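Please find one structure pasted underneath; my questions will follow.
Residue numbering begins at 1 within each chain, and the chains themselves are lettered A, B, C and D in the order written.
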Amino acid sequence: SNNFFLLAGPCAIEGEEMAMRIAEHVLKITDKLEIPFIFKGSFKKANRSRIDSFTGIGDEKALKILKKVSETFNVPTVTDIHTNEDAAMAAEYVDVLQIPAFLVRQTDLVVAAAKTGKVVNLKKGQFMSPSAMKHAVQKVKDSGNEKAWITDRGTMFGYQDMLVDFRGIPEMQQYAPTVLDITHSLQQPNQTSGVTGGRPDMIETIARAGIAVGVDGLFIETHFDPSNAKSDGANMLDLQYLEGLLSNLVAIRKTINQF
Amino acid sequence: SNNFFLLAGPCAIEGEEMAMRIAEHVLKITDKLEIPFIFKGSFKKANRSRIDSFTGIGDEKALKILKKVSETFNVPTVTDIHTNEDAAMAAEYVDVLQIPAFLVRQTDLVVAAAKTGKVVNLKKGQFMSPSAMKHAVQKVKDSGNEKAWITDRGTMFGYQDMLVDFRGIPEMQQYAPTVLDITHSLQQPNQTSGVTGGRPDMIETIARAGIAVGVDGLFIETHFDPSNAKSDGANMLDLQYLEGLLSNLVAIRKTINQF
Amino acid sequence: SNNFFLLAGPCAIEGEEMAMRIAEHVLKITDKLEIPFIFKGSFKKANRSRIDSFTGIGDEKALKILKKVSETFNVPTVTDIHTNEDAAMAAEYVDVLQIPAFLVRQTDLVVAAAKTGKVVNLKKGQFMSPSAMKHAVQKVKDSGNEKAWITDRGTMFGYQDMLVDFRGIPEMQQYAPTVLDITHSLQQPNQTSGVTGGRPDMIETIARAGIAVGVDGLFIETHFDPSNAKSDGANMLDLQYLEGLLSNLVAIRKTINQF
Amino acid sequence: SNNFFLLAGPCAIEGEEMAMRIAEHVLKITDKLEIPFIFKGSFKKANRSRIDSFTGIGDEKALKILKKVSETFNVPTVTDIHTNEDAAMAAEYVDVLQIPAFLVRQTDLVVAAAKTGKVVNLKKGQFMSPSAMKHAVQKVKDSGNEKAWITDRGTMFGYQDMLVDFRGIPEMQQYAPTVLDITHSLQQPNQTSGVTGGRPDMIETIARAGIAVGVDGLFIETHFDPSNAKSDGANMLDLQYLEGLLSNLVAIRKTINQF
């Protein structure tokens, strides 16, 4: 259908029921809009600002839920990994291994992910230029894996703000299919509270720009009740807005497909 | 037609022949695409990095050419002003007075422009946040003129690069109609040579994002032969690409008009 | 004495009494510490965020006060200018003409200042690299005036913060004597209120770093009662702290003079 | 002696002979200048831009060399760790475990380092504000270890440059003793070549500013022959300049100790 694809789901797998509900809800929308859907959920959160932040329900337990989502709804899944051991473990349950932005310069981790043969989704570091992602992609290829993706999640702009550099999309597409993360790229990091802020009111703005520019995929963290989510509540999209958003984006995509 | 409007023309008025040719060429395209067109040309360039840069052909002479373009083709015109005296002088020849980005914090200049009763197009300083433009618009209104526009031309990102913050478009639209300058926002300032660089290959990328986000207008510097232009050659769009670009943008606009 | 020199005084000349009191107070300190002193005061403020900000007590009146300070205490004076006409006018009253940071790219203004034969103090734009100041200095020299200074007042870092790039000091000293403005470089611009914030608690930190790096001069806005000053209260140093600050800085200067 | 302390040594342990030579040379200088010295060397390099960059001579082998340096010269040592397993392993050989800037948000790693009871030197992420380091320090303390240090290695400024925010030094000293890394904070990242550049000509400038501001320690990568070093050659200080540099810095420190 030449549509963009969608990586979507909650920030963290908080339990089976919420994961299944979110997956089912998103799938209904993406089926209707003919958007290839990959269910996203973190099995642990390892880079919280504060030691008392929520980090997960247990690795194995969360990964099994991802597997169940995949089998129940027949959708591929993606999760992020933080150590070399995570790579092999997660690869048994999911289809795409995601390297977090802070970790994308850790060669061992990228290589460990690449060696599983799974798709490796490399998040652009907030501190990296689009062109520097060439080297990250090359590490995947040098490990014998051609299936690298890049996901842009914004670039540091002052201490407490991020910007998306849309010039970077066509630049990174020279190296690999490129995804725009429309929730994290609106983060407001380094808040005094130790809890990252966000601008969910700007999600559609950023998303429209990304689709118009021709991104291959979108990454959205979404939840039935973001304000009660166990992590990243300030950034997730309330699920009730997902269909309206995606309908608009598909219309823009169809338009640019004709160029 | 609910289309976006277009401010376009050469960086500087280099002579009558080139101004007329460019205006005629752009008008043919905008007529076809139903884009309201405002012819743009600077009557002098006052903020060059180097003293030996081209600054103009003479103020009166250039302004008269702008007037002739306006009368010949029945299009409004816009030019930028640098002093309080410029405001009254230019107002006799053009329809829109533009405040350069470096000067948008100069209250006297903004007030002088506002008092002419002309539309005042306020360029967002590279050093200003979108929300800070509220105060610039307010200065126009406090001078008894309701016709203020804002034009975004990018924001400083490190010494030698600029980014467009697309979150700023809806934000500034709360204060005034907002235009995206798709040529200057791709500048690469502070080059060692003393001549500003550019990324004309990224014009369509930035323009598509702007239209998808819903800008009211676009600002494009364009020339039949950018590499031989007397100023800003690194940033202008070659006129041969204008129609293709605008056709795509109009298609995106029509799509988002339906949302 | 090979000491650094000091440009100091209130942001704006609010009246004769305050100007004389501040000058006298600073002079007592600088005499004791053998610091060459240049009295600073703006005769008008032209680039306020908001139209209702204080802009001055009248040009001629303020300039005459500067002259009186100069004659009474036998100190040179500096003021900032905003138009070509200001240059000639102010040159009759003061010894150093200062080009505001926002205006340092305006060639006509720099040339007008240079042609008076006075020292021209060029403030580095918040949007300029240290090396780009070479071109501003060159404009002064090309106008037949060898007496250019550069003053660093920080560089934009995100929308609401500034940083001083201390690597820029030796770089700019290749072009002209270089001054560090330790009050404005701590500004926090683009605040939602339309009034620029500051970090006066960091003045000594920034000043020590500047002196250790070898700046030629310091620029300090100071006032007996910053919180009641008519402009820039958030950035000025309370006069009661000036002697302690300068004593420390002179000690560092003496140390590095021995290297 | 109330002097600053020094973490110094080569970027990577390339072999025993070079490590011993560098340690001996530095120690001779620091003994003379009464600077507490901690020998620094990485036992592996895990975050290179390119997969073909030098990563080390073998973990165990490099750690044993660090131990030998410590025992031979009676100096403490510091090395950086990249995984939880590294923490326990390295703790058997060195006195200070350093968390790389890219990894300082990885809670598990910080906790693993803290639990060894060694000093934990937390490098400020290039993407973090000084105040955000409070949370990193808290993670060490919450793990029952009071011995945290912070090292500033600059902050991202555009894609290819870094700045040191000297306001951050007193801010971070509220949380822990604070070190300035005067070699990495001059990096020029994201170069097209995939090899990070540097500004070694600015080392003394940045170092003087840091000492004047009152840093507790300095971090310097140094080598007899930086241009032939196996990693980070563009940033290391040639050992021949170390004594001159440190002599100047000690003089500034003695001056500010009197304030």
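Throughout what follows, contacts are C-beta pairs under 8 Å (C-beta built on N, C-alpha and C of every residue); 3 or more make two chains touch, one makes a residue touch a chain.
Everything quoted here is computed from the prediction, not taken from an experiment.
Chains compared, chain B against chain D: the Cα-based superposition rotates one onto the other by 180 degrees, nearest 5. Matching A-C against the pairs in B-C, B-D or A-D identifies B-D as its interface repeat (over half of contact pairs the same by residue number). For the pair chain B and chain D, the distance between mean C-alpha positions equals 48 Å.
Each chain gets a centre from the mean of its Cα atoms; for chain B and chain C, those two points are 33 Å apart.
Rounded to whole angstrom units, the spacing between the C-alpha centres of chain C and chain D is 37. Within chain D, the positions touching two or more other chains are listed as 155, 157, 159-160.
The touch graph of the protein chains shown is complete. Within the complex formed with chain C, the residues of chain B that make contact are 46-51, 55, 82-84, 102-103, 105-108, 111, 125-129, 131-132, 134-135, 138-139, 142-143, 155-156, 159-160, 189-190, 192, 194.
Partner chain A is touched in their complex by these residues of chain C: 157-161. Those residues of chain A that touch chain B in the shared complex are 155, 157, 163-167, 169-170, 186, 199, 202, 205-206, 208-214, 248, 251-252, 254-256, 258-259.
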